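Listed below are the structures to be examined.
Each of the next two complexes has chain A plus one more chain, namely chain B in the first and chain C in the second.
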Partner chain A sequence: MSKARASLGRTAGVHIALIAYTLVALFPVFLTIVNSFKSRNAIFREPLALPTPETFSLIGYQTVLKQGDFIGYFQNSTIVTVVSIALVLLFGAMAAFALSEYRFRGNALMGLYLALGIMIPIRLGTVAILQGMVATGLVNTLTALILVYTAQGLPLAVFILSEFMRTVSDDLKNAGRIDGLSEYAIFFRLVLPLVRPAMATVAVFTMIPIWNDLWFPLILAPAETTKTVTLGSQIFIGQFVTNWNAVLSALSLAIFPVLILYVIFSRQLIRGITAGAVK
Partner chain B sequence: MGSLQLKSIRKAFGGHEVLKGIDLEVKDGEFVIFVGPSGCGKSTLLRTIAGLEDVTSGSVQIDGAEVGHVAPAKRGIAMVFQSYALYPHLTVKDNMGLGLKQAGAPKKEIDEKVAKAAGMLSLEPYLARRPAELSGGQRQRVAIGRAIVREPKLFLFDEPLSNLDAALRVNTRLEIARLHRSLKATMIYVTHDQVEAMTLADKIVVLNAGRVEQVGSPMELYNRPANVFVAGFIGSPQMNFIEGERLGDTQAKTIGIRPEHIGLSRESGDWKGKVIHVEHLGADTIVYLDTEEVGTITVRLFGEHRYAEDDIVHATPIIGGMHRFDADDRVINSGQ
Partner chain C sequence: MNPSDTKTTDISEIKRPWRWHILVFLLPALIVYTAVMILPLIETLRQSFYNTVEGQYTFVGLSNFNVLFGDPRWAADFWNALKNNFIFFLIHMAVQNPIGIALAAMLSIPKLRFSAFYRTAIFLPTLLSFVIVGFIWKLILSPIWGVAPFLLDSVGLKWLFAPWLGKPDTALIAVSLISVWQYIGIPMMLIYAALLNIPDEVIEAAECDGVTGWSQFWKIKLPLILPAIGIVSILTFVGNFNAFDLIYTVQGALAGPDMSTDILGTLLYRTFFGFQLQLGDRSMGATIAAIMFLIILAGVSLYLFVVQRRMRRYQF
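Our next item is the complex of A and B:
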């Protein structure tokens, strides 16, 4: 923006609004992390206070690391999330490419059909999914979760990516065809790099619900070896007594892997935007 | 070598027919330009030659071989696009060499050919750069270089100059003309700019609504247009069209006279009229007249003339400047 247009008052107003939003968004995260470092009494006496030498305690983290196989839970969550995102991006992008690039009978209907999943929650099919997993012997495996999450993420991925792929220059794809690139090479080497910002967006939108999901791990893979972090943390929430130290510590730990993934994807996002394309 | 034959090419998208039976023959080494208004099917025709669109019916032959079912890369063609269509993630050198690399040429041969093409287009200093680091004119030269490296039988240009500014357009036009002379290759070029068409072409193909209106050298089209459409499309400002009846011609429905074939005088002439607008271009003066006899006409005078709005002047068509068209808009005779 030019200096002449941005008046001081307006800039200040924008910044105040943004700072206020940032505070509201970060407050629960801040509260979780701060309280995870306090003793149980201190959490209840002064929930908003920072940990002091008297109230500082690592009891929550100790409990989390002692009880159950939390490293294993993290591993499970990470495997499920990363593999699901990879599959969603791969298959979503392929379907989107076919929809946006080729003219065939029923193209529009197929696009609508693939996007239908955005409007219908996959959890409605839980019973059928469970029956299917039981029949195929996939209950209590990470594969079951990966399959379900891939199905859950695909509709939005196809929808967003096909819109973006329509914006990729036809001339570029045709130039590739004349230079002898196969359709696969055009897809992987010309189109995918150009829709990287959209891929990063889809990855972020897909990742968060998968990482945080409690429903499907609880139903499809509740065994000790296949528990995810979210499911693993539930052991500290009891009907009568909740071990808040442990719950807050587990949640604090669970934030970091997502944060790392998010940083990776948002880097891609910025790089994608700044890369020069046609014209 | 690079000759091209099109036989009754038809192309329909859904129920909509874009190309309605096109026959054309291009000889080896010719520079052929397709011109026409937007939506006339000229780009679609170029794409069917390239193999980027399938024809609905008809045959495309390159060097006498039917290529209807041959992939674009195997047709021996190269194409230059309006939007340059350079691969953004590759350097200039890799952009130019990709076609040969895909065809499995040895690295040494690719390097030699790229170096040669870069030399022809003075692109040597930019070989290591990416397209994003180049200006529009440089990018289009890279795109042309990419075509040269492939040593194709046919060069296809799809409005290559439309994205360039006016000065660069003239330079690049000269460059393309020079290339055609030095490579002696067959080139097919699509444009909607008649100046490009007139200056570059050996042969112009005027297309309208999916049909060929006329094929001929630039001067043939200018001097002997086959119909009203071609007469109106070639030449700027547009030819004046006057109803035959107004000039007492019972045979011709329309009579066309180019603006530069009318003389003006303050004293006497065939048609008396009032000046409604004057455009002073330095080299030319364009005068718009409202006449009693033939309605509104445009007159193009060479050099500077001091006519002003509301002046009363007399216009006279020069001998041999009239084109007579019949009721079907076809030419009866030119140069009357």
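Our next item is the complex of A and C:
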């Protein structure tokens, strides 16, 4: 009896601690979104209150949509992220297949070479990357960002995907070979569909740093037409520092897509981290 | 490669024609990765040995490094950034790991209700960009808005409040804690996964021997999750030593107040790209990038060759 009560007390304590930290984690985001829907006076007078019919205001969003080309920024971010992920997945899966399927001279060395980029951040090569982009005329194009993010995402993609491809049964592939399928057909028609869950994990992992990156947009593509959401909101907020409605609305606009995607993919993401990361 | 290995490949090469498809599979990844990542990295390292002397771009050996370490115009900034970067890292390790372990330990309690919800909620900040996180906290900690003093007042701690981000002696701590707040999800998840991987038999055996509660955590679980803590630490190390975005967003490129939050990433940006009156300097930028490369390389090697080898791994 006393033991049961003690464990009940312990469970309650755990819940209190977890709820407290959850509040710490969510409160800033909540505060930003709530206040973005309030009038300027209400933001300052009662920052913690929910918007009421009297204090509700969309003035911030109106300013943001009028002054900044947020739709354009979203478009840029989406193009860069989607194309980079597609390239990382395609090239990464191809390389992972070569490494996991065939024994050839230098296989292990090649794997090691491609894995270097997992630990060494691509940012350290920025000086020469910028020179290269200037030389090829790619500065202020989305192509420059796509190339950089593809290179950045490949090492981890190859690493994770080759681990998974080793688990695809050899009998299946050999049956395909006997049926006269080419190596390309085996890869695209037999192996790729089987590693789809791993591809989804890689896609989510690749997406977050690309969408959130500030460094490369700032250095390689700061032009108005190529700004990403992250850079766009950074500059916009910098200019409108004193317009709290606009700042809070811009922040909320930058949060919403991440929030929506997270609600959809959180299971996938968390399963990916907990299953694959610690090995 | 050992001799027997070469022999088998030799035989297979005799049997099979040159397998073009391997090259086709490897080439796209190899080209993009080499051209955009590896070659620029090597080129950047090379440029750290070059500088413009009397209008001529020439090889100068280690003199860029000498300037960075000893020249009064550079050395103060550099050592300041390096010191701050180490403090930044130490605060991460000291705050993020214990909280991450505690959260993971609580989440891994069997049959805990709502644990999926807690996990999802606590991980959310990790997904937000530094720009969002930086500005949100800048607003919350701002004395103009007054959310932070208001909250502290409600628990009777209003005297504690100060414009932390604006004071040179607290700004670095405040920025580090913001970064910890954002990234706590990663240690939490990795350690949580490690805790889940401990087989039930081990825990049951411990319970049979009367090892429960706290002593069970310290004596059984903690040693088993050390590898995960090692991974978290090296990820944090690499992340911290090329951090830039958060400081740039919260404190600007000058990493104020009075350079008190300047770390290597912001120093690299200012040096290489230029800021306000300061012109961009490619060679010195490359030199700072080379130092960052060496620091990260040293950390990763230390982890791979010393920490990971020494760490006992338990096979179940």
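As a convention for this text, the second predicted complex is superposed on the first by the 210 of 279 C-alpha atoms of A that agree within 3 Å, B and C clash if a C-alpha of one lies under 4 Å from a C-alpha of the other, contacts with A are read in each partner's own complex, and residues count from 1 in each chain.
As a working rule, a contact is a pair of C-beta atoms (placed from the backbone, for glycine too) under 8 Å apart; a residue touches a chain by one contact, two chains touch by 3 or more.
Predicted model, so just to flag it, every value in this text is computed and none were measured.
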{"item": "Partner chain in contact with A:A223 - chain B first, chain C second, else both or neither", "value": "neither"}
{"item": "Partner chain(s) touched by A:D171 [first = chain B, second = chain C, both, neither]", "value": "first"}
{"item": "Touched partner set for A:A86, first chain B, second chain C, both or neither", "value": "neither"}
{"item": "Chain A residues touched - chain C or chain B, whichever exceeds", "value": "C"}
{"item": "Chain B versus chain C as contact partner of A:P193, first or second or both or neither", "value": "first"}
{"item": "A:G180 touches, of chain B and chain C: first, second, both or neither?", "value": "first"}
{"item": "Intersection of chain A interface sets (partners chain B, chain C)", "value": "275, 277-278"}
{"item": "Touching residues (chain side chain C, partner chain A) in the complex", "value": "1, 6, 8-9, 12, 19, 21-22, 24-26, 28-30, 32-33, 35-41, 43-44, 47, 99, 102-103, 106-107, 109, 112-114, 117-125, 127-133, 135-137, 139-140, 145-147, 150, 181, 184, 189-190, 192-194, 196-197, 227-228, 231, 234, 238, 242, 244-245, 248-249, 265, 268-269, 272-273, 282, 285-286, 289, 292-293, 296-297, 300"}
{"item": "Residue ranges of chain A touching chain B (in the complex, touch as defined)", "value": "169, 171-172, 174-181, 189-190, 193-194, 275-279"}
{"item": "Touching residues on chain A, where the partner in the complex is chain C", "value": "11, 14-15, 17-19, 21-22, 24-26, 28-29, 31-32, 43-44, 47-48, 87, 90-92, 94-95, 97-99, 102-105, 110, 114, 116-117, 119-129, 131-132, 147-148, 150-152, 154-155, 158, 182-184, 187, 208, 211-215, 219, 230, 233-234, 237, 244, 247-248, 251, 254-255, 258-259, 262, 266, 269-270, 273-275, 277-278"}
{"item": "Residues on chain B engaged by chain A in the complex (per definition of touch)", "value": "47, 50-52, 71-74, 77-79, 81-89, 98-99, 102-103, 130-133, 136, 146, 150, 158, 163"}
